[in-house]
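Shared between the two complexes below is subunit A, which has subunit B as its partner in the first and subunit C in the second.
== the complex of A and B ==
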């Protein structure tokens, strides 16, 4: 049940209706049932992994609470993590690894079996979410959940299970268990957020996808300029699709009285790649920081490494090297978190290298700027930073969208060596599946998103500001949003001029 | 605004949009499911989805019909008018484009259950065993919910919330509509058939020209027919047969003529299975295999046979002697002769049109005089030399009626036919040409301008003009049996020099004239011309020669409706006439014989290209 369907809206409405009519104490049961119904609608078999993860993590938490011995605790934690991540690694990376090994061992007669594995919906999200819970319980951050059903809801909460955000137990679970009265403010904000999300997803992302898919499906036959254009459109597509989806999810939760963490904070205003990753898919970055970066940095090997580097490089550099290395590892993991493929490894290395290098280079660079009298805090330099960050992100997108690592490299090569500016003007543009009106909608949509982002960066609460306008303006906005959604979104496809059938008569 | 009010406003906005869409779709009704009360444009609706719109139409109009023709789009080529005449019934052509036998079976069931039905003519072919109940587009080629028994509520909701672009397209088309059928309204509503007035007026003569215009006929076979659905096909026909027997309905099953490019690709064993199984259920008329099926000119495209073939098929079934039916066309298949019929597919027909086509040159003259002058005036001497040369070369002058009889009835023409024609009706035709024609016993046709018959002064303004013969002379010439007097319009060949207002020099639209006004003008003009000639000469008007040779699809369609069987243009060339194909008589090509055309050159020109 994709979110952009009529049946999904019906499902949401029905769930909300039941949610607010049952006794408040049992609201969470409604959510649990709805979540499982929603998940099962994607495939009953997939439920197995969800249930398995729930049981593993719940039991680990339960056991951890009853054990005082440190080593035993460590063992329980390790087992739970191995089981949880083992599932993920197996489903996501086994075939990739096996076919790699088989290729290496070709001719020796030895071959690992390759399975037909289906990646269950949202598995990386719910495994990360439940692993975070186990680690927190281990660390004694909070006591474990005693009710497996309530825990199951935390793992499976339906709006978020498809694409996050990756929530923390201590923040989400109490909200799930609490009773919620219907609240007009929350309903309104929820609807507004959903509308905004749907506009981004259906009007902009789905349109941009047409051009992106056309070019990437046949990337060798387009000049560099068109390839670059496609990557640019992909940047637009992925932001609008992902953040739009999250807005829809957060909007639904908001209507139910549940606040979910923000996952995007205007990433295209970031001033450095590190800043970008603090604004893009925030819940994943946060998870990585808390459960990978800090443990790594504070681990014994890193402590020893730090000692050695400080000795080798006295001064700032010596202190920074371990941080830089930890960052490198984190971003490499984020890279392969996206999927099992060399292109994601390359993506991870790309981000990891740039960030760890800039951690090392930053102090020297700031000093250099001051020497040539450029204010690193000033607006002009910030604009330069924003543009260069976007450029770095743009290059990285060649890897995430390219069909393979080789394809991504080839496209990059074409972009650099056979750009062919002419292709942007000679009509090739019009053969990429988008009409002039489609382009207008995309450009206008991006402009509106930019404008809203700009005001938000400046600290303006755009929604509140609009609320102060008179009712006619507000009504016009709602009608415009709905009309655009319906006529240029829902009805974008499904019309076939049937005249061609009769050409012979 | 409070949040409560905002939510109320939001809900209202959603409702407004929902009602706006539903209302728009209800009013424009591009598929005709809601009765199309505002446009009442069934021709458009049928084109969008005949399965749905025809049922909606019949629900309101079925009392007008008691018999149904049914099948896929080729069924449209079987004439409802002829069936009505032959069976004394009132047929509706319930064909649906692209229909497979599942669609047909469901539709027959609905019709039999809900309407009065005396006869059903089922038009099918072996290719119906190829596909069965295929996936279809949910709006444009699905069955009506009433027909296939699915949820009516869901059906109407689907059309209420169909993409509004369909309704917009209907409105746009409404303003582009004209008299001739266009891609968006190809149906004739009362009969349910395709309106082929635009397609049935094109001149069809040379095979090579036709193939060039319609490249679809080249490069066959394109696919192999495996007939994967024989049992489904036979099962559906059996159901239909049982239903008809139970309800005392007269069922006629026809295998329609199929372009031979297809049947070359038939799997022979499977084909035999189809024939034997079908013959086991019902006898049927088989027109699918015949040498004529190798001739693309009898097909609109590779899957649609022409109305002309349909007429032959019906004439064959009902023994109509007035229609030309080629030898061996159509067989009544029974369990006894079924295997013999299948063998015909193996015969390997070779294209050969020598038996049913003939080359006919048409000569064009205007005024004659003792001496030559101007390009349109020929001297008596040269004219006689030309006619003499024709006679000596073995040419026989033929009449327009002979050409019609050749095409319509298959009546043979003399070996070297030539049609001699005179435009405008000058007195010199009577005074100079007629005696010469008599001398050589050559037939000819003279096309008179109604308003100038018997006159030597221009109408209204009275300018002196070349004298024209009168009806007295016309009657005398007709009585000789050599001359036909036909129409060159009543007053659509005006002279710009003599008219006070804008002159209509040819049968074409004046600047700023609406299509409707022009149609009225053409109708009025020809009606007058025909009436005058027929009243004065007591012989029928069957032909019109276009002033200045100018014609259009619209004039062709209008004249055909008014019974004109032959039209003549001034395009040069030799005509090929085809038995059974009336389109070969449209806009005949003519060779202008002039003063500078020597008799030898003329004979050479008639030899054809």
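== the complex of A and C ==
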């Protein structure tokens, strides 16, 4: 059941109606049933993995609570993580590894079987969420859940299961269990947030996707300028697709009285690549920080490495080498999490290298800026930083959208060596699937998003500011948004809009 | 040197521009990022002879100067 369809809207309306009609203490059961119905609609077979993950993580939490011995606790934690992530790794990487091994052993008669493996909807998101729970219980952050049905709801909560945000148990579970009265303001805010998300998704992302798909499907036949334009449109598409989807998810939860974590904080206003990743897919970044970066940085091997580097390189450099290595590993893992492909490894290495290098170079660079009398806190320098960060992100997108690593490198080569500015003016654009009006909608949409982001960066709460306007203005805005969606949304046959990019991960 | 002074000295070296006696949301407002936290933990472990683990890296243990002091005292007491 794709989110941008009428059947999904009907499903939400029916769920909300039942949710606010049943006795308050049973509301969580409505959510659990709705979540499983929603998930089963994507394929009944896929339920198997969801149920398995739920049972493994619930049992691990339950067992951890009854054990005092440190080694036994470690064993339970390790077993749960191996089982949970084992599922993910097998489904995601088995075929990639098997094909690689088969290619190496070609001619020997040995060949591993290659299966038709379909990645179940949102599997990464619910596995990350469940694994975080098990680690937290192991660390003693909170006691485990005693009711498997309530735990099953935490893992499967239906709007978030599509593509996150990756929630923490101590923040989400109490809200799922609590009783919620219908609240006019919450309903209104929820609908507004959903509308904003649908505008980003159906008006901008799905429109930009037309040009992106056209160019990437036939990338060898376009000059560098068109390749660069397609990557620029992909930057717009992926932001509007992913953050729009999250707005829809958070809007639905908000109507039910549930606050989900923020997943995007205006990433295109970031002043460094590290800052960009703190603003983009925040819940994944937070997960990686708490469950990978921190344990890695504080582990014995890293402690020993730190001692050695401090001896070899006195001063700041020696101290930050282990931290930058840990950060490099995190980015590499994020890269391969996106998929079993060399292009994602390259993407991870690209980000990891730049961030590690900038951590090491930062003190020298600040000293250099002082020498040439540039205020690192001043507005002009901030603008330079924002532009250069966006440029670095833009280059990285060649890897994530390119059909393969080689294709991405070829497109990059064309962008640098055969740019051909003329192709942007000679009518080639008209062959890319978008009309002048489509372009206008994309540009206008981006401008509105930029404006809203600009005010938010300046500390203005845009929704509250709108609240203070005349009710007529508020209604006119909602109606205008609806009209734009109805008349200018990108709908395929049968009104099935395209699915979200991130739900495949 | 009293413990608080030692801690302030470490924090000042880490981020000279921050007034650690006033800030109450060092983590919640991203004043200290994850790299600062790791650098700070390394210094705290060495200076106060404690072992801070990933399970201690929670906002409530690092949001204010007094939270950090409480954590150090707690870990010293646990030995």
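Assume the second predicted complex is superposed on the first by the 489 of 505 C-alpha atoms of A that agree within 3 Å, B and C clash if a C-alpha of one lies under 4 Å from a C-alpha of the other, contacts with A are read in each partner's own complex, and residues count from 1 in each chain.
Note that contacts are C-beta pairs under 8 Å (C-beta built on N, C-alpha and C of every residue); 3 or more make two chains touch, one makes a residue touch a chain.
Just so you know, these numbers come straight off a predicted model, no measurement behind them.
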{"item": "Touching partner for A:191 - first (subunit B), second (subunit C), both, neither", "value": "first"}
{"item": "Partner chain(s) touched by A:290 [first = subunit B, second = subunit C, both, neither]", "value": "second"}
{"item": "First (subunit B), second (subunit C), both or neither touched by A:298", "value": "second"}
{"item": "First (subunit B), second (subunit C), both or neither touched by A:422", "value": "neither"}
{"item": "Touching partner for A:483 - first (subunit B), second (subunit C), both, neither", "value": "first"}
{"item": "First (subunit B), second (subunit C), both or neither touched by A:475", "value": "first"}
{"item": "Partner chain in contact with A:366 - subunit B first, subunit C second, else both or neither", "value": "neither"}
{"item": "Of subunit B and subunit C, the chain that contacts the larger number of subunit A residues", "value": "B"}
{"item": "Contact residues of subunit A, present in both the subunit B and the subunit C interface", "value": "none"}
{"item": "Subunit B partner contacts - residues on subunit A that touch it in the complex", "value": "184-185, 187-188, 191, 467, 471, 474-475, 478-479, 482-483, 486-487, 491, 494-499, 501-505"}
{"item": "Touch list for subunit B against partner subunit A, complex", "value": "1-7, 9-10, 13-14, 16-17, 21, 47-49, 97-98, 137, 140, 163-166, 169, 181, 183-184, 186, 194, 196, 198-199, 216, 300-301, 304"}
{"item": "Interfacial residue positions of subunit A with respect to subunit C in the complex", "value": "139-141, 274, 278, 289-290, 293-295, 297-298, 306, 319-320, 323, 326-327, 359"}
{"item": "Subunit A contact footprint on subunit C (complex, rising order)", "value": "30, 33-35, 37-39, 41-42, 52-55, 57-58"}
